[in-house]
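Listed after this line are the structures, all set down as structure tokens.
There are two complexes below, and they share chain A, which is joined by chain B in the first and by chain C in the second.
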Partner chain A sequence: MTTVALRHRLAERGVDRVLLLLVPGAVFVALLFLYPFLYGLQLSFQPKDGGGPLANYRRFFTDAYLRDTIWITLRLGLPAALFNVLASIPIAYRMRGRFRGKRLITTLLVVPITLGTVLTAEGLIEYLSPVGWFNKVVMALGLVDEPVRLVHNYWGVLLSLVITGFPFAFLLTLSYLSGIDPTLERAAATLGASRGQRFRYITMPLLAPGLAVTFCLSFVLAFSVFPSAVMVGEPQGETHVISIAAYDTAFRDFDYSMGSAVAMIMALVMLVVIALVLLWRTTLYRGATGGKG
Partner chain B sequence: MRPAAWLTWGALAFFMLNLAALVGAVLVNSFSTRWFGTWWPEGFTAAWYAEAWREYDLFDVLLVTLQVSLAVVVISVLIGVPTAYALARRNFPGKKLLSLLFLLPILMPPMTYGIPLATVLYKFHLAGSTAGVIVANLVPAVPFVVLTMTPFIEQIDTKIEAAARMCGARTSAVFLRVLAPLLVPGILAASILVLVRTVGMFELTFLTAGPDSQTLVVSLFYSVSAAGIRAQQTVDAMAVIYTASMLVLLVIALRFVNPTQLVTRLKDPAQ
Partner chain C sequence: MSGRFAELRVDRVRRAFGSHVALNDMDLTIKGGEFVALLGPSGCGKSTALNCLAGLLPLTGGRISLDGRRIDHLPPEKRGFGMVFQNYALFPHMSVRRNVGFGLTMRKVGKAELNRRVDEALRMVRLTEHAHKFPAQLSGGQQQRVAIARAIVLEPPLVLMDEPLSNLDAALRLEMRTEIRRLHQSLGLTTVYVTHDQEEALALADRLVVLRDGEVQQVGSPEEVYAHPANRYVAGFMGYRTMLPVTVTSWAGEHATAAVDGLTLTGVNRDRLTGGPAVAAIRPEDFAVTEQDGENTIRAEVEIVEYHGREQAVQARLPGGEPLHLRTTSRLAPGDAVRLRVPVERVLIFGADS
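And then the complex of A and B:
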């Protein structure tokens, strides 16, 4: 076969010189993402103190202080992601269509992105402190007798995750909702469906696959919680999350091998949760939502 | 209005009120001379800002932040846009696998690949310097550019390129004089989003930065950990500076990108 003929055959399958443009990107991802990840994976099977390739993993699952980080992180990440997604549905549902002040409300809801974890943490510490505004108001109203303790424990981290995670969940949900053709709902209305029925039987089934993706992304965000667990949590106790464990073993104890093992376990747990959600998603309706999106 | 609507707006108003009070507490504290246990501080001063500026070498920190984020934006666009072009225009064997590879760095928590990445960067003596921070931040930035630019390029009509070639344009001319002007809005949007993400990226910078290569977020985190020595007001002042700069970036970003469309374009990364 001549080279010209070969080039033609390849071009038919979409392989031609344009693919050279892929080289920098592919090399980059391979070198800086894939290689470090695989390097970390093999490093995790070479424990610093010997004891066989699985020693790190055995240590993780036998040491209660390390093992519990999985549960602690899930206990923070799942409720935070679930709350963010569920709370964005009714708000996004009312933000469809055009009305006065829509841009203002969207902007207000997006602004928390700019706060960053530190300002959120400082704010939570000051606002919710025993002598802060929140406790002053609640006590002045006579709702409680002594200050409510909401920082430097589980609740502080959960609140921080909601504040930083909600804008993302809301924006995603809103964009999925905007992608659903409004005429579908109007058609249902002409057929006599009530408001509740339209939401239950028209909007929800079309929105659910999008919500699954929103949940996954919110969960990834909440699952990797690190700075706020240190600042507004109880990093050596109730909010000793898995990223703290990974960081501490790798860069405080300088046990890169164990640190990589914790990071791999973290990735695995996250992938399992996401796989479960996406598996559930395949049972949902998938197809045109009629929108432009 | 119906009760459900009242409930939704009421809950939202309650949330916003608390959030405003939360931000307000930090803002007021950063300007207060002394504030403990009372409803309102004793007096106001801007001295904490000057002190934070001096104490934390904010000029240097901001300079590093600027260097890192601009370098990340430029390099990620240079690598990402050609990749996005090839992905948008060609169907080739292994395309799905490659797309998945570009999706993973965005989907994974930075901590999971950040620790092995930092280990590798330390091995090659790159970590601890500004170059190392830039390299680490590029890992999610390049895929982000690819992911946002691919749908953008897909919607540009291929006939335009064909027409340019018909008129005798060389490949370089097609790229520079036909495609580039059409791509500018998309590149601008992607750049601004990468900029916002890089300025706000904590984990990867935290794992790879040395004392002289901290960006604002990381330096802010360290200032909180080292609190106790210094007045909390300086930390608050610095946090306000960070939020103010992020706010400026976000306002600029919102001028170029419609937030709801942005995510629609990213729709269904799982497929």
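And then the complex of A and C:
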């Protein structure tokens, strides 16, 4: 067969030589991601103290201290991701189109990404600790009698996740929103739809699939929370999240096999949540949204 | 706000974007049931005018009133004018049926009546078989008909159409043109139709509004605008392709005589000129190839010949190099020397700077 004929046959199946450009990327992903994953997976089935391949997993689910990390992490990750997505909708909705000062506002909203978790944590401690400004002010105003505890517990970590995760969710939502053709809403207006109806019947259905993806990514970010759980949380108690458990077993107890098992469970939980969200997404309209995006 | 109206008045309506005036003090009165075409080249403010009428663009001056009631402060959803967008703007996540029914749903029309009216509208634009499809599954012409059905199902007092045929191929365009005219007549809709195609405007409208750089140039029936363009700009837009720079030498009553390249042309003195530089505007089909010299006959040399079936489109040049455009059934070839005669009534003489 000539090369031309081969090219035509491949083209029929939607394959074209440009796809070869993907090869370096694919190799890179395999080496950097797939290999460690498979290595960790097989390692997790070789417990340090014997007891069969599933011993690590059995230990995780019988030890309440370890088992509870799933719930603790979900309790942080789900609300944080949900809040970030929901809060970014109205703000991104207002920020569509062009207006004076848009770049400034976007920059202000996005700055926390560049701060990193450590700076954010330091700021939170400074600001919200029992002797921080916030408590000084509310106590001076007589709103509370004793300092509100907002750091070194659940709330500290949740706040930190919101501060670092929001810009990310906002940017994604904004780009999904600008992909929706603004004349659709104008058309709805000429058909008698009020502002609220336009949002509900036109914008929301077209935005929802993008929001599902935004939620998944925000959730993954929040679920692997580590530094803020240590710095503004209570790492051995209320915010003993699953990544701390993995870290402790692997690098404090030097049980790499158990550490791998915890990491695998962590990945599994994330996959389950993502699968559920994406399953819901398949029930939505997912075609073109008519915009330039 | 539905039902018929007697008169829609556009009173010194103005819209500026920064320092750029896209629509300058537009005056227009539209009677109920009329089909008005806004005509002009790209960027002349047609869409701006339409968006101002629909309420999608706030005015920067003037007023719009419907039967004496001022409406320019109302948002689009309160005006209830139907609009067909240039890019259709169909809702991609809704079937054809739900697209067409959207306005009725917003008005909380009961289910039985909604179905009846949607069926009726779909039948009218001949899309009954496609009711369950989504916009992405339709051809351009079908999408356009959905957009029309969606606007007219509400029986709005006024339908605004922004170049609805510009994305279609030539054949479909003619077909849809007839369809739009048919819908307008059978429903008695008042329609404002935007186009940059003079032929389309002449074919469809009861009245034409010619715009240029945001200024209204002429308002009139197709016959008026076609035969008596108000200025050389409108003439150029209405198919007077030959624009000869001339000098007016004598004038009497309705007519003037002008000289160009040693030739003389007599025509209608549109600007009541009394001497000075002018422009003689002539349509391609008004030239006749002749054998003898005579009144209003000029000599030219054929330069380019295009074959158009029964006719030829010819570009010729006067001895001084001024180009002429004509259509003729005589067979001409490049290089031929021809004599061309134009009836006096078909030469329009405008001032050079009008």
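In this section, the second predicted complex is superposed on the first by the 265 of 293 C-alpha atoms of A that agree within 3 Å, B and C clash if a C-alpha of one lies under 4 Å from a C-alpha of the other, contacts with A are read in each partner's own complex, and residues count from 1 in each chain.
Methods note: contacts are C-beta pairs under 8 Å (C-beta built on N, C-alpha and C of every residue); 3 or more make two chains touch, one makes a residue touch a chain.
The shown structure was predicted, so the numbers you read here are calculated from the model rather than taken from an experiment.
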Report clash or fit for the pair chain B and chain C bound to chain A in the combined superposed model.
fit
A:Leu184 contacts which: chain B (first), chain C (second), both, neither?
second
Superposed model, chain A: greater residue contact from chain B or chain C
B
Given Cα centres, how many degrees, to the nearest 10, is the angle at chain A formed with chain B and chain C?
90
Determine, under the contact definition given at the top, whether A:Trp280 touches first (chain B), second (chain C), both, or neither.
neither
Pick one for A:Trp71: touches chain B only (first), chain C only (second), both, or neither.
neither
Who does A:Trp133 touch here: chain B (first), chain C (second), both, or neither?
first
Given the touch rule stated above, what does A:Phe61 touch, chain B (first), chain C (second), both, or neither?
neither
Chain B versus chain C as contact partner of A:Met270, first or second or both or neither
first
Across all Cα pairs of chain B and chain C, what is the smallest distance in the superposition, given in whole Å?
15
Determine where on chain A the residues touched by chain B overlap those touched by chain C, and list them.
none
Spell out the residues on chain A that touch chain C in their complex, using ranges where they run on.
181, 183-184, 186-194, 197, 201-202, 205-206, 285, 287-290
Please name which positions on chain B make contact with chain A in the complex.
2, 4-5, 8-9, 11-12, 16, 18-19, 21-23, 25-26, 29, 36-37, 39, 78-80, 82-83, 85-87, 89-93, 98, 101-102, 104-105, 107-120, 135, 138-139, 142-143, 146, 196, 200, 202-203, 206-207, 217, 220-221, 224-225, 232, 235-236, 239-240, 242-243, 246-247, 249-250, 254, 259-264, 267-270
Tell me, which parts of chain A touch chain B in their complex?
13-16, 18-19, 21-22, 24-26, 28-30, 32-37, 39-41, 43, 87, 90-91, 94, 106-108, 110-124, 126-127, 131-134, 136, 163, 171-172, 174-176, 178-179, 195, 209-210, 213, 216-217, 220, 223-224, 226-227, 230-231, 243, 246-247, 250-251, 256, 259-260, 262-264, 266-267, 270, 274, 278, 281, 293
Parts of chain C lying in touch with chain A, wherever the complex brings them together
54-56, 75-77, 79-83, 85, 87, 89-93, 102-103, 106-107, 134, 136, 150-151, 154
